[in-house]
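Below: one structure, written as structure tokens.
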Amino acid sequence: MNVVDTIILLLIAAIAYGTPLLFGTLGEILTEKSGNLNLGVEGIMFMGGAIGLGGMFYFEKLTGISSYPLSVLVAILAAFLAGALASLIFSFLTITLRTNQNVTGLALAIFGTGVGQFAGEMMRIRVGGYVSLSLELKNALPASPFPQFLQDVPYVGKLLFGNSIFFYLGILAAVGMHLFLKKSRKGLYLRAVGENPATADSAGISVTRYKYLATIIGGGISAVGGVVYIITTAGCTWNNEGLSGVGWLAVALVIFCLWRPLSAIWGSVLFGALMILYMRLQLSFIPTELYKILPYVVTVIVLIISSLRNNKEKQPPAGLGLAYFREDR
Amino acid sequence: MDDQIKSPLLRLDKRSKDSLGPVSVWGIRLGSIVFALLLGCIAILLTGNSPIKAYGTMINGALGSAVYRQQTVKKAIPLLGCALAIAPCFKMRFWNIGAEGQITAGALAATFVARLLSSSFPGDKPSLPLLLLMALAALLLGGLWGLIPGFFKAKWNTNETLFTLMMNYIIIGVVAWLQAGPWEARQGRIAQFAPAAQLPKVAGVHCGWIIVLALVILVHVYMKHTKHGYEIAVIGDSMRTAQYAGMNVGRIMMRTMFLSGAISGLVGFIICAGANHTLAKEIAGGVGFTSITVAWLSQLNAFAMIAISLLLGVLSKGADTLQTVMNVPVAISDIITGLLLFCMLGSEFFINYRIILRKKNGKGGAAQ
Amino acid sequence: MEKNCYAIELRGITKRFGPVVANDGIDLGLRRGEILALLGENGSGKTTLMNMLAGIYLPDEGQILADGRPISIRSPRDSFAHGIGMIHQHYKLVDVFTAAENVVLGLEDEKKLDLKKANAKVREICGRYGFEIDPEKKVYDMSVSEKQTVEIVKVLYRGAEILILDEPTAVLTPQETERLFAVLRNMREDGKAIVIITHKLNEVMAISDQVAVLRKGRYIGTVNTAETDPQALTDMMVGRSVSLNIDRPLYEKQVERLCVRDLTVYDHEHVKKLDAVSFTAKGGEILGVAGIAGSGQRELLEAIAGLYPVAEGSISYLPPEGGKRELVGQTPMQIRKQGVSLAFIPEDRLGMGLVGSMGMTGNMMLRSWRKGRLPFVRRREPQALAQKVFTDLEVVTPGLEFPVRKLSGGNVQKVLVGREIATSPNVLMTAYAVRGLDINTSYTIYNLMTEQKMQGTAVIFVGEDLDVLLELCDRILVLCGGRVSGVVDARTATKEEIGLLMTRVGGKEEA
């Protein structure tokens, strides 16, 4: 195999591993733009994974329909709802009941991983074995939505058209979010809420509503990442460990890509590459288990570097993590 | 145009300093625990079991016999120890969520010493010198694992939440490597410790419980009565005030993180020398995260942590029993822990605020 | 519409915060084509009252009428809908947005966000009233005066007919104030109703048609500006006739105590905050420091206290026993360990000078916690000191362990000042020591400063009210853009003189 092929294969694998991260990161970007720091992404993605899988499984089982587009829709919808519900809890506690965002997020991480594992296990117990979709769907879901001739284009065909539909949906979501934040009126208001809620409030923007909506929708998007992982890399089966750490990497990635949705695309592919490098680019002098911690080491380095930058345009939303109450005195 | 005169349906008012007596305060907190357990019923119902039977099984499984009680205490020990480790950081508003890794680091260091020196301590009794050396190593490596993010926070204000978290995965990866490679005994496991490297039992449970109870007193005194404790409290309130008072904030931060990591490391030593007698990458098993719950729910009060860690110990042991007896996934304990945390966090709101309902015919009524 | 009808009328407005009654049954009316000055001391409830018109707070009792019809203002949006626009004292702007982005914030009239159109409209408004502002400039690059302009444009853009300005001149130079007043007069001619919240009598006399006075949350009355004078207004404001004179004895044996030479500092963005500042503070005098907000006052005091990195220059402390100690390059702890007795009452009392969550005892410990060889803190002495401050300064608190954060502003300041004075300092530095305090507490503070001076302490008093500076201090150092633009004798200088120095360095106007 020549070098170009190796790199292309690596990139394709990186995209597959990066897509769940992309959703996780995009959701958290939206959440943080509203000034809410939701550390529960880990839990949200677990819930999205288990409940998304459950949705697809029971949909196929109950209706007997093994339809690719319907399953994609059901997966996204079920995961989104699970994440939105989890974030609703977070929003209610932090926005309405004014609890500490850090601790509430951690509680959500514990709760969400619990719910995810619980749901996954319950399905296993109910079914009496591994929860799995029909073979037909299992093969179709992670495959490319594009016709074969496009994928057959030399070199770039596989890379551009050979990925799962979720990657393209992720890109659409990123572009959409970018346009929303930068070009739309509501996006401007949302950023104002995250930067300076008192200002937004006095300008007549409903801080509470924007925070709730951004956090809930953001949580929903993050949760989709969970089910994407189950479909594209876990072979449509549940395991308790596979998603571990992905949600936290997503939170770190938000910092890495400076709260910019478009940067999240290449950022998540880069981290996807770091996650699978140990399989694709084996180095005899690094044991596999140590190689696996690479993304975490890189994250640490990224955190340190990002704490060194000192540019007004590259800072987190100024109101991030702070509670806002109008009538407080 | 909406020119009708209306005040909103609900309004909030901060309670003045002593409008709620201690009885109501604890009533609300207790009520929130009960409420969380009720919510937990939903999860149990989903499994097709009766909640009453399930909770009964849990309580019985955790407290029903002396052996069960000993196992429950065994679960509570690391939770308590680790909550004590986290308390100074949280008081300082340093969000250390790396206790999981600091435990693992401590266990790793203790195991290293145990493997290195076991041959020098033959015999089938626990050896105090060896155990002390293991504890010392655990304190140092655990402390170092906390110090690293502390250093970068002090130096460049690097986000400590994610840093400490990433440190978890890094050290767990290192243990995974040791377990599958250099230290492997058979089938990806590390050999059991020699008897000399095992903590002796007192009252049926390894003596770690005495260590953590001593820690309760030590941490309480440290936080409430020492200069260090005062410095930590001032920094937690306002970093600028601390600088104004002449405190070296960076140094205090690093010192506190080292201390916190060291205590977590000691907990790692207690788990591997007392309970497991070996090292595995799952050694911390979520204790580092759950103990954050313990620390926060007890409002960083060292004595309250005893009660909360026992409560979560009961929950965790009960969930184990529930899985074996009624085939309910053990993750139920995480769910109930999460619910407990949600409800108790939320309950503080009702302690601090009064909710005013709109008066039906008050002055704000429709006076057109 | 009747000519005499009020544009906005308040009837019996009451607002409580917990046990504190901020506004107590207030009646007030504003007319179009008129400037109403809302006068009152700090803490008299002026801002709270106007915040209810702006939709920030909801009244607990009472009615608001617009053109004679009762309305309810439940949110800032309702407020705009009734043509009310408030310019808050602390500007409500998003730093990373441009002027135009800030201006269109919260508007719902158009579906699409069209910044080009917004930019054009902002330019048009600026042209009409004679403002100068670049709609595409980011707020973090703006001066205070530019930010205020953005705020005013913001409410005009919304077509506000009723403008409320909260302490608009607090951060402006006298010259900028004049420009603002000219604009306000133009708007009055335009038929707008204008309220300016202030506690400065000269401004009331200069700009307003009517004056409404509040005292301790109560409405005292409204008078025609033309028919009143500052003395009568003061009486209304404070309730009884008080002498505005602050006692200023002369301390004979003044000696040099602190000598600052060519002090230059940069902030973390490498902006020069102090530029070759030199001066001497003497024991037995109060050295006032005047300047527009942000001219380097904070940096100066913090540099002396060892809390701000010094790039160049020297700060020498000359102890009474003779000798000379260099303070530059030392940490606050090293400075204290050298026996330099320096007390510092910072501007941000709870954020820098005190520990809000602790009681008085815990706060007294902030100066003494290191005492003793044992690793344990000693509580007895701080407790005794807390008791002493509690008695001497008449601090109102439920107990010595009651969190100081929950005390009123005046009591918070008493705790801080009490602690600092208790160290019997040779140098006492204060920043805005009476900000937010009522007149009685303010005078307590003035007296304490004078008392310290008469004990031979070198007092450095950073203030914002030029009248107070002129009556309290012996000499006044004026800062402008981080440079010393002059040192004047407070007994002979005039306000105009200082006002000019605040904007000019060496006779040249600052860009």
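To keep things simple, chains are lettered A, B and C as they appear, and every chain counts its residues starting from 1.
Convention: a contact is a pair of C-beta atoms (placed from the backbone, for glycine too) under 8 Å apart; a residue touches a chain by one contact, two chains touch by 3 or more.
Every value quoted in this text rests on a predicted model; they were computed, and no experiment measured them.
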item	value
Of all other chains, the one whose Cα centre sits farthest from chain A	C
Contact-richer chain pair (by C-beta pairs counted) among A-C and A-B	A-B
Centroid spacing, where centroids are CA-atom means, of chain B and chain C in whole angstrom	45
Mean-CA-position distance for chain C and chain A (Å)	46
Distance between the centres, which are taken as Cα means, of chain B and chain A, whole angstrom	27
Numbers and ranges of chain C residues touching at least 2 other chains	17, 58
In chain B, residues with contacts to at least two other chains	14
Sites on chain A at which at least two other chains make contact	327, 329
Parts of chain C lying in touch with chain A, wherever the complex brings them together	17, 54-58, 75-77, 79-80, 86, 88, 92-97, 101-102, 104-107, 110-113, 138, 140, 154, 268-269
Chain B contact footprint on chain C (complex, rising order)	17-19, 58, 61-63, 69-72, 74, 78, 81, 305, 307, 331-333, 336, 344, 346, 348, 350-358, 362, 365-367, 369-370, 375-377, 398, 402, 406
Interfacial residue positions of chain A with respect to chain B in the complex	39, 43, 89, 92-93, 97-100, 102-104, 106-118, 121-122, 125, 245, 248, 251-252, 255, 287-290, 292-293, 296-297, 299-300, 303-304, 306-308, 327-329
Residues of chain B touching chain C in the complex	1-8, 11, 13-17, 225-231, 233-234, 237-238, 240-241, 243-248, 363, 367-368
Contacting residues of chain A [partner chain C, same complex]	183-185, 187-189, 191-192, 195-196, 198-206, 310, 312-313, 315, 318, 326-327, 329
